[in-house]
Amino acid sequence: MRTYEVKTRVRYQETDQMGIVYYANFFVYFEMGRTELLRELGLPYSELEKEHIYFPVIEAHCRFRSPAQYDDILIIQTSISELKHATLKFNYTIVRENDRNRIAEGFTKLACLNVNRKPIPIPEKLKKLLQ
Amino acid sequence: MRTYEVKTRVRYQETDQMGIVYYANFFVYFEMGRTELLRELGLPYSELEKEHIYFPVIEAHCRFRSPAQYDDILIIQTSISELKHATLKFNYTIVRENDRNRIAEGFTKLACLNVNRKPIPIPEKLKKLLQ
Amino acid sequence: MRTYEVKTRVRYQETDQMGIVYYANFFVYFEMGRTELLRELGLPYSELEKEHIYFPVIEAHCRFRSPAQYDDILIIQTSISELKHATLKFNYTIVRENDRNRIAEGFTKLACLNVNRKPIPIPEKLKKLLQ
Amino acid sequence: MRTYEVKTRVRYQETDQMGIVYYANFFVYFEMGRTELLRELGLPYSELEKEHIYFPVIEAHCRFRSPAQYDDILIIQTSISELKHATLKFNYTIVRENDRNRIAEGFTKLACLNVNRKPIPIPEKLKKLLQ
């Protein structure tokens, strides 16, 4: 199960008054992770939507292990952990670059929808690339 | 020039590590202000988009007078300050409810676009209601 | 187990190009839910932080049942589902006001930290009010 | 007047239902721009705050020239346009990498505050580096 990496630097906007990254922002980092994974597989998500294939999130989970701070460089590690008939699951681990501390880990489950936003099986050509 | 009001309570998410509302969020409050103004004029923006009329922001400005904190109730006061052939300008003042302190003031200028996202004159029926 | 409610109207900012509320925003709605629950219990979270008691999220989960759209009024229903020595768990259900559709449900688990951001037992006076 | 550059890729979260980057997010890109400018001048903003020097935004302006889309790579060009006794102004231009289209341009004015969040003159050692 290959892991794909993308880095992001924590923006001031992403902090809250506790002085750490606000928890919901980790799900935005997860989105960056799966975007890069799909791009590296040759399936940019922007292209999928142009073909009217949509992958909305139907379930999301995160454990916050250690706080991240403003200006930290975070490494988002993403892999595909489950590929079913009509759903897809990504696993994520977020690590701080400078001390390799594990910051957070989680998953998202996505459904496949067509142009009418109805659930469909994941198209075969996608499935092959995702395997 | 009538002024319309809507209130919002500052979310933890909207604060930053300075312990105050992050500056870009005031433009989100401005959006809430113009949404309510249009609704009260009988022109819910959600209806306009269903008729394929779009009003993207083409210019925005804000002066930040005094910081707002988590859990503050803010009053967003909105008025139309300019109605031209193809653009519309809103003025905003944001006041904290409990001490009536002026927190911020600004404006946004919006263009009118059609379904192809091309600039068009503001439709006459809208113009009448906006005057 | 009492449930507390707070409403919010979906902002344009909270939508994404799929035309629905971006998934991470539901965790912001969850934050609004627990803020109101604590306020109604007489424990405004803003007061807790003034006494240097912090409740960062250590785990979060959400199932997205049905999409929410711009301008929808959402009802956030929050209850305390677990009260342990040093952690606290909130359950959330999000329902659209006009059709009572269930939009999302989830939980967050929070740790209790002191001024040095070290884990501490939940103070007794809080525990009583939370029970 | 030297210009500093930093790139960012548009996140799905940053789009709205118009299918373009939501306007307030450009002010977040501006924040990334000034963060990088200060870092390259040897004054990381995270270090300034550790010395209890804060630079909140007191005025912000943006003209939105052309829409940006999901997955676009944007180049944020930042320069210092005004250095006064107690305030500092940054100018920004945002350009899309692939077609060099000008997307937005604007400025932010920042005040200098001390540990008590009171306005102070910009410390001399900073001023020298900023000139």
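Note that the chains are named A, B, C and D in the order they appear, and that numbering of residues resets to 1 at the start of each chain.
Here is the rule we go by: contacts are C-beta pairs under 8 Å (C-beta built on N, C-alpha and C of every residue); 3 or more make two chains touch, one makes a residue touch a chain.
Remember, predicted model here, so these are calculated numbers, not experimental data.
Trainee: Select, from B-D and A-B, the pair of chains that is joined by more C-beta pairs in contact.
Mentor: B-D
Trainee: Could you tell me which chain lies farthest from chain A when each chain's centre is the average position of its Cα atoms?
Mentor: Following the centroid criterion, the farthest chain would be B.
Trainee: With centres defined as the mean C-alpha position, give me the chain B-chain C separation in Å.
Mentor: Centres of chain B and chain C (C-alpha means) sit 27 Å apart.
Trainee: Roughly how far is chain A from chain B, going centre to centre by Cα mean, in whole Å?
Mentor: So the centre of chain A lies 32 Å away from the centre of chain B.
Trainee: With chain centres taken as the means of their Cα atoms, state the distance from chain B to chain D in Å.
Mentor: From the centre of chain B to the centre of chain D is 23 Å.
Trainee: Mark out which residues of chain C touch at least two other chains, giving numbers and ranges.
Mentor: Each of 12-13, 17-18, 20, 24, 28, 31, 70 in chain C touches at least two other chains.
Trainee: In their complex, what parts of chain D are in touch with chain C?
Mentor: 12-13, 15-20, 22, 24, 70
Trainee: Enumerate the contact residues on chain C facing chain A in the complex.
Mentor: Listed in rising order, the residues of chain C that touch chain A are 17-18, 20, 23-25, 27-28, 31, 49, 54, 56-64, 67, 108, 117.
Trainee: How about chain C: which of its residues touch chain B in the complex?
Mentor: 11-13, 28, 31-32, 35, 44-46, 69-71
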